[in-house]
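Data block below; observations after.
Every chain is named by a letter (A, B and C) in the order it is written, and numbering of its residues begins at 1.
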Amino acid sequence: MSPSPDESAPLFDISGLHYRYAGAQADALADLDLEVHEGEFVAVLGANGSGKSTLARLLGGLDRPTAARRALACGHDLLAGDGRMAARRDVGVLFQNPENQLVAQCVEDDVAFGLENLAWPATDIGRRVDEMLARFGLEALRLREPHMLSGGQKQRTALAGVIAVPRRVLVLDEPTAMLDPAGRDEVLHAVREMRAEGLAIVYITQEMDEAVGADRVVALERGTEAYTGDAGGLFTDASLVRRLGLGVPAAGELALALGKRGHGLPGLPLTMDELLDALGAAT
Amino acid sequence: MKATIAQYYAGDSLLHRLDPRAKFVAVSALAVALFVRDSFAALAVYAAAAALAYVLSGVPVAWFWRAFRPLLWLVALTFVAQIVFAPGEPFFSFWFIDLSRRGLELAAYLSLRLVVLVLVGSVLTLTTPSMALTDGLAWLGRPLRRLRVPTDELALMVTIALRFIPTLLVELDTIMRAQRARGADFRRGGLRERMRSLVPVLVPLFVLSFRRADELALAMEARCYQPGAVRTRLHPLRAGRADAALLATTAAIIVTGLLV
Amino acid sequence: MSGFQAVAGALPGAPGGPDAPGAAGMSLACGHVSFSYEEARAPIPAVRDVSFELRAGGSLALMGASGSGKSTLLQVVRGLDAPESGAVLLDGAAPTDAGYAALQREVGLVFQAPELQLFASTARDDVAFGPRRLGWPEERVTSAVDTALDVVGLPPARFAERHPYALSGGEQRRLALAGVLAMRPRLLLLDEPFVSLDPGTRRQLVEILHRLKAAGVTLLLATHDVDLAWALCDELLVLGEGRLVAAGPWDFSPDGGRLLAANRLREPFFVELWRRLGRDPQRAPRNAAEAAEALS
């Protein structure tokens, strides 16, 4: 059922994934395919109701798919109970609400929680917790209680707790949605660092500017795949972007508005520099 | 509005470093001993022991007073109740209150005993972080597992509940403010009206809590939590010689109290 | 949002509307307002010696880092807490003047988290809570509720009987706003209304606030989003650790730019764009539509 995975096998090998909530009329996820390899940064874009949070839970082995041709996470079969249990060890999941992920009464205890669940020896836990606190800039907050932390600090603590368990791939479900700009920057910085260290990441978001620079982009629409490929391909398709209901940064909004007035720009610029280039080229 | 319920005072005294299990056993034994025998002399012994424990804990008086103050009314009530209802020959009568010497003695004894009881219990909560205390209680409650009582899971539930109390208090406050901003007045009216005005406050709190429970459970499972599985601890409980000394000292104090 | 055209006339204070007092919006002045919480419960920032004026019908963005006192200030302005020193003047009236309490009831405050505000079993009942507390007759309550639901883009025919907790996040946010609008506020205070909103609802909310502004309602908006502040507000007020750091109309001169930067606020996107296109940043467009028009 769960052989030890080799380096070349994909971390996520999913084909024909379906999920339907009990009593629902339609699938939340329908016939979805997804492959993620070592070191990849895959952005999953979708508006509310596109199925992205459902996908996050399934990838983490936290829920049973309704059906799938193949659903392997780090070599573990997500259709099997013990496969899902094993997947929870290799796949880290960070959720949207920082408050509802913190379990313990102080930061260091919360970061230790996952390792305690895996019955690591106390000294190993201590060492790993110290490492995580240092890495995410949380040392000064070691004994702080959760309600005394800012949103960004809470989310960093939750992230440290998720990564404390050594993972092979990380799934982030709109991790900055509930944060203010300062908190958002803190979390994005931490994510960039992890990416630079080679950790495979599936980054789920509604905001296009958080998907910039991804190795690959998958766009969801009502549970099915509306686009898969590189970021550029999606970002140049203005009508698709509008249809998907994604959050477009100001530069893109301007390009879309110009398009409506018949002065469309080539492609969809996402940064001020790209916009200025496109405008320069247009005039 | 105070956000912390647990009275823990962070410190590094001798008492802080003792194992929570030993402390709990000692405190419980003393509490029982207080009720075994009615004697001012015994009470004095236990009171002296509690006072010594305070000095050793290094907790500032102000901190202790803040925790004790809400119970003052209970002590006063005990005193007054005894005076009014105690038997004995009255030496002074006023309306329906008969003050007898015995009554006064009883009132003083019971009130003082209550004070000593609170003191003894406070030493435990002031020097032990709640997580350590719940761990200790879970360990002591191990035998209950044979009766299929899920002690470890209960301990985790208590820890989580304590973790969220400050959060819930802030949310409760915000809910009430949002409604006051829409014209609600929680101070108005008689008991029934006030109770009714609490419903719009409790509903969002409950809904939020249920949603929170769902999300938290998911986050815990994502970090490999499994009810019933063996869990280690970042700070495992380690009893040592000092704890044995504590238990021995407590036994000596109790024996003294019984013999005095 | 077809609801808008039909109800524009019924917005608070708009000419011809059912509740049209003399002036539409309420003016606000804070004079040396200070406030702090006695006990430390989760770092609650204090407000220290804050003074500013907001004319009737004006729009002010209250900015500053988390913990700078924005929420505290809004709650003091609304009257949920009385200032320790200084005074909040509504339409020029001081707290000691007769009629001040009535003016306070015309100040609406929308909190950050809608789930902490909604409680009833139907959207209609929830929105009706405020108007009923004001003691309005039932027909007036119904009309106010229907109007408010229309204004926020939740047409009563479809949404009035829905359960608030069955609505999506964006719909809940709009429902919470409706609950405050139904009370016909002339001064509207909003505490970070755009946080965790999906892009669609964000756009809708900006439009709703624009309409309210056009109808003459005074707006005081606490936000950390400088682009949204630029889109909606004529003036800016920056708090730093409870103190007033900057106040007044947007200023993109070199001095103004330095002040913004010193408070970790970048220039609004369109202002920077205008600057880099060699145009006058002070006359930059407020949003994409205006920018597209100017550039075509």
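In this section, a residue touches a chain if its C-beta (ideal position, glycine included) is under 8 Å from a C-beta of that chain, and two chains touch if they have at least 3 such contacts.
Bear in mind that the values here come from a model prediction, so they are computed numbers and not experimental data.
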Chain-contact steps, minimal, separating subunit C from subunit A: 1
Label of the chain whose CA centroid is most distant from the centroid of subunit C: B
For subunit A paired with subunit C, centre-to-centre distance based on mean C-alpha positions, whole Å: 33
CA centroid of subunit A to CA centroid of subunit B, Å: 43
Residues within subunit C bordering two or more other chains: 42
Subunit B: positions in contact with at least two other chains: 3, 166, 170
Multi-chain contact residues (two or more partners), subunit A: 147
Of all residues in subunit B, those that touch subunit C in their complex: 1-3, 166, 169-171, 174-175, 177-184, 199-201, 203-204, 207-208
Residues of subunit B defined as touching subunit A within the complex: 3, 10, 129-131, 159-160, 162-163, 166-167, 170, 211-212, 215-216, 218-226, 229-236
Residues on subunit A engaged by subunit B in the complex (per definition of touch): 57, 60, 62, 85, 88-89, 92-93, 95, 97, 99-106, 108-109, 112-122, 125-126, 129, 143, 145-147, 158, 161-162, 165
In the complex, subunit C residues that touch subunit A: 42-43, 65-67, 168-170, 192, 195-196, 198-200, 202, 224-225, 227, 269-270, 272-273, 276-277, 287-289, 291-293, 295-296
Subunit C residues within the subunit B interface of the complex: 39-42, 75, 78, 80, 105, 108-109, 111, 113, 115-120, 129-130, 133-134, 165, 179-180, 183
